[in-house]
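Just so it is clear, A, B, C, D, E and F label the chains in written order, and each chain counts residues from 1 on its own.
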């Protein structure tokens, strides 16, 4: 299955050794983004992947493309337009000090200013079996919103699988407000086959209430299946984080039209607090593309999400061998 | 309230990535010192701060001044004399391996050779409401001792608040012995309004016994209030560290003439084992300068002390927003 | 003389050791800008300096302010608005390979979106004797253009000295074209006392022809004096670069209303190809503020411009002692 | 024209800042090799390129592939065999101190132990128009020699262009001696269309004498044309270095069956003394693949070779725009 | 007691800050090996130590010797032969992500190709009281096997103490198989006085069964004493790792001909997962050379093993003072 | 010939990439000093060398010893006393910007506070054939002066060769003045066999006039021979630097009792402006210890001095092979 994604390439600038911005003049530059992260991980799993996006036609755009290629992603659908790459600075947290992300201008990025007319969706879809679209596109600009809709519609019409990630960030939507965003998501969902999201996305953004007639333990399951039926969704997946004392655990869930499975929780020990969600999504997509059972998929994806937290940067670079290792030999912490 | 400090600027040289000195030729250079640390933190809280000290009139002195300015501290009372900056090397510990500090010559530093005649105390005090004096000055050299006394006396006479930190280190006082040092501290205390110290400073250094007629639980409180009454101290504050299994907790205490409050203990997770005391002191001084309640002050200061341990280097660079965050949303470990 | 500047703070991101962007993930972060550069240099010469600008109210804005303070510039007139800092990447050239600058979005920066209403010009000018305005403000956005005009007009009305730098970059003005820009410059110049520029600024941008009746050797001088008379300019200054074989030389010129002096050319050996112009300007402003002779000023400023090329980054950090050293003991290449 | 290469991927380990191995524990890791260098450069010129080689099937092999992809080279013909990558340490010279290269085991590398049976030449050639073979293959091991012959023979039979680079290093051939190597080269040459070499390769290795009946100035030309006729070579190219005082100049030459052109010499200013030859070769191949005139080709290739010396590492990452810039605007040393 | 070792010097190349190979071009270079590690630690304890090995006669060999000298080991018995140093890349694990070691060619290293004739054992032994031989020598090559046997035999004949470390790695012995390796170990053991190993070495490699007539709790002790009697071994020592929840503990054991002691388990907190075994061995050898009691030795060695995990790299650089500190003042985590 | 030196070990702290102290927090730490430099170079030439000095008994002292061992120098005569190592910061110059050295406290260093009673000269001299004493010892403190005299006297009495280096720095002698220093040098010289110095040392410090009856060209030679006769000096050597345009040349001279030779001047291209003198001295001492001719010695030493300038840091790490290379194949700038 040829897997592709439509989404932004961002620059991430990170001070070394948990330093804060004031403390250093040294920064590490990575190119990242939900699409980059998921595709890179799938490429490390052996899948053929391709990214559809736009970059500025300058030295930075070329460097971004080189980085994407290194990650194992085909760069032939990366076009040039605009003159800016959105960026963020990540001051890495430690212990009780949270990781602090500071965004620089995203809306004027090459991706942000590119609408449907800036892409050749037909040619792109001809080479794609499944396309991942990140919900950020619906929040970013009028152009990205429009491009996402056209792409999803075309893909759906062609019988390609559409995978959509809610990725709803209130901070990116202060102008339009939730009501406006609800409309956008409702417009997108009918084209989608696989969806990543959370209970809150359904209740707070889509305004779908928990059923009062279902007992508590089953409310979430009922809600999700109601949602999936409404929009004809094939898979719905996401992660839950739980704290217990000063430990944190990650578990993933996965629905098909009839079943609901949840993985055994795994302790999170993070080197980097950003990016586990994309690792989880890559695991689910791998299982889907290879028709694994729900249980197999969710266990693999959760293990992968936990591994993603042990890797510097947003991009999960795990291989199947590494994921299998921590599933099968979790106590072997030195491999020679 | 304009807050100032009198104290030494030192160089701290730290190998990267927990390496020991033998293992690397790379060092990180920071300028630090009790005064620098407290003032920098207060400046990050929005206070107007100024440091009174002396540096060598050379490239290093200029670099030290630039660093102090960057931290948000006014450098106009930093003079030039002598030709040396005291320094220390910090080999960062990990797990059971302790952090190892190795001092290089401090007594011949520009600060160490500067006596009262090297400073214009009157002009300095005219622009100051509260001055912090570190107890190290009493141990370092005859010149720093004398300067500290003259400054405290003048400040007191002018009705300025004097804040004094015991900071008693037996290793710096091997020549003179405790009896001599007791005299110096007794000479200083009558000028002081706020004091940072510990039970041991009162019992071992000042030789004030715990009352045998008070029950154990109240002995510390009785002792401190006896001390405060004796020297007419307005506030007495300090921190206590406790271990429980392999976890460590920090809690702060704070006295006014009638009351005694203690903060809820907070777990310490340290990136750097040096500097939390100065973070605590900065928090107490902020509360004092803004007339917070004792409880508010001690909780904020303890949270700040814990945060200071999560920051590389001695200098606590926390903002009010960061401290409030871990007090109010301790489980949110990623802020976008 | 209290010297201030109105201008943008930018981020400069530079790969280490002459690497190109594709070759590294390590970048060095500096905060720079014409105003920052000139003021920092003047502060290193002992002048009191202050920068008027706006930054985003976030971690990056705070880090930028800390950096500016470190350079010796007062940060009290730096306000907060917008949410972006313009940035550029500098791939350092070597030998025949040119230094390559790639700009990221400047127009949407906090400075770019701030108009006259975002500043308190009156209070600012009350503490200022001379204000430097960079011509980039006329090119950047409608807001910066307007702010520059209001500031210049007010300063002029209050009898403050206005120093203006053409800094005309065709690449920033592709939308409006030269005719539009000519109008803006003509609107600004009547408020100005000191101007930095080149012959080409006068002939190509302002459309002032060289006189055909003057012999070649004197055409430039006649042109400048004609320009100075027209706009009542007190000083006009700039630099000329010349190549001779594979050597490059810098020389500065300086006009007052009656005289024209040129410095002896100095060989340029560059560690960094960006920033010498600001070093030259700082030298001229120092001489002006201390009423040096034209010759003294131009020689000092040229030496300083040459030194600026030997320093990493745009910001000239030279002291008077360093400039005097290369003027007086050019062969002593090791100072102990 | 789809261009491919057959050759080794090596690790290059370089101390930073001109340090020698004893002076540092920090090394920079690059993946390099004649094929990598030429293809990467061609990819930066916009060509479609692919590398045929073998790597160990482990973390290092994967890292090497990622690096090759980043450089713009397709990795689909990179197979796995063996368990070792040849490496070399480059202590960068400065002034009179030469760059010192120290090789680690090459003969047991994955490439060194791979013979013809380890590659699928037919499938590879089906996707290739021109294949570059480095003469090192003839020296390295029996297996690489055999693989090179089979590949060249098959390519020639299929009418694909074969480009061969003498790259004769006596130090790699101490065991077999020159007579043995002469045989190998003579066996290879009949399959070749383009050849890179020097006068010494023809006279000393192939034992072809300079003609005594031709006058000195034309001896080289006569020799090369005699060589080209003998082996039916379409193009012969190489570079000459000349010193003049303490300056060094590079010039390239290029022959077709009838003509001989030489580029104007360009001064070499090296950041890195390794890799200019591959930059020259990439320029010649670009010209060939796009049917440029001999003069155009040789001028572009020489400029590119000179640029290659200004880039850290062996891999020339120049773009057409950069080469054109130094050909057309050699004095503009700062591009914004 | 003059302690020496016979063994390989390897290069260890480690990415910084827990990065994986794909993520960085920066590597840290260390020279390491079982003999290097143990001797360096003993030298830091104040012992006179010397290493017998071979290196290539080139820049790398010289750098390796310099590094060994820095560690406190005499380099006079380090000879030159061959042209390669074996190396490995260590991708440092974090949390559940294991440390991943990737070896490059070891069998063709200078050490691997050196047999008995390449060393002057007699002269070496004349200056040695105890020689440590690592079991890797038996696995590596025919030459190293032979050299180890000759050395052990000669040392034994001269009445020198021979210390042997099983260090059996199945991955290095895939060609020969266990039966062959058993023979080699059986040939070596009669020459040995001190042996480091595990229960599994005795049962699986030497094929010595646990006694069924002894109750479980004493089976290990009986087995080891049976082994020691058979081969006339004076001391047998090793370590056991235990997990409890997510904590890991290290404990050491030590046998003489009659007694068996085990240290109190100590929690492992690792900065580096490689090298604790060598720290343990160094502690045991120190105790042996100074005739400490078994209990003293095993407690010191276990503490040292735990400390070794808190140090970057394989080489334990601990001093007696540091080991004593964590044994006596485990809660003091900052020493000034 | 066993060569030893008596002198200080200093710390050198250097910002990377030509940055100034204000511009960076990263420093490189090297241990250096005239004795360290000369002995290290001789060790790299294959000589047996040993350093006599004192260091503090702490982590820094241990790190300094480790560094000295790495350089190839025996550390058995390095004792412990005092608690401080003198240090200096070197801001590396570029082009016209001079290298700027800033010293930190030297007089209170472990070396500075150690007098004759802190060393065991007799045991040391029993293992030494030639001892180098740096003139800095005469300037530093009363203790170092005394120690130098006692050592020189004892060495001379035992028939050991004494090599003395004027190394007169007015900046270190502002307190005592030239007259006092003259006395000290006159007291030392009778014990000396080899002396490094300059014409100015003889004329300005020792107050020996140039002869007016000798013609100009021979004045220097006559002066040196007069000086050598007076103090019974066997060899006198030094270097001369000359500028010609923007090029700099180094040449060495060498006298025995009857002859005077001067090397051919060699161009200086410096990576580091500190340390060439020690490289020259090492070359002369090598020639002396191996009874080379004056011409051989002076040519080798001058080439070595020039090479020393191409190496980062003060310590010349050149081998005989490297020196011979630039003497014999100066145009080969890449060695594989």
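Going forward, a residue touches a chain if its C-beta (ideal position, glycine included) is under 8 Å from a C-beta of that chain, and two chains touch if they have at least 3 such contacts.
From a predicted model like this one, the values you see are computed outputs, not experimental measurements.
For C-D, the equivalent interface among the listed pairs A-B, B-C or B-F is A-B, as over half of the contact pairs agree by residue number. When the CA atoms of chain A are superposed on chain F, the rotation angle comes to 180 degrees (nearest 5). Note: the chain lying farthest from chain A is F, by mean C-alpha position.
Between B-E and D-E, more C-beta contact pairs are found at D-E. Mean C-alpha position of chain A lies 42 Å from that of chain D.
Distance between chain B and chain D, defined via averaged C-alpha coordinates, is recorded as 63 Å. Shown for chain A are the residues in touch with two or more other chains, namely 17, 20, 22-26, 62, 66, 70, 100, 103.
Those residues of chain F whose C-beta lies close enough to touch chain C in the complex are 17-20, 22-23, 93-101, 103, 169, 171, 243, 246, 273-274. Chain D contributes residues 16-17, 70, 266-267, 269-271, 306-307, 309-313, 317, 322, 325-326, 330-336 to its touches with chain C in the complex. Against chain E, in their complex, chain F makes its touches with residues 62, 66-67, 69-72, 319. Looking at the complex, you find that chain B touches chain F at residues 13, 20-22, 24-30, 58-60, 62-63, 66, 83-85, 87, 89, 91, 100, 102-105, 108.
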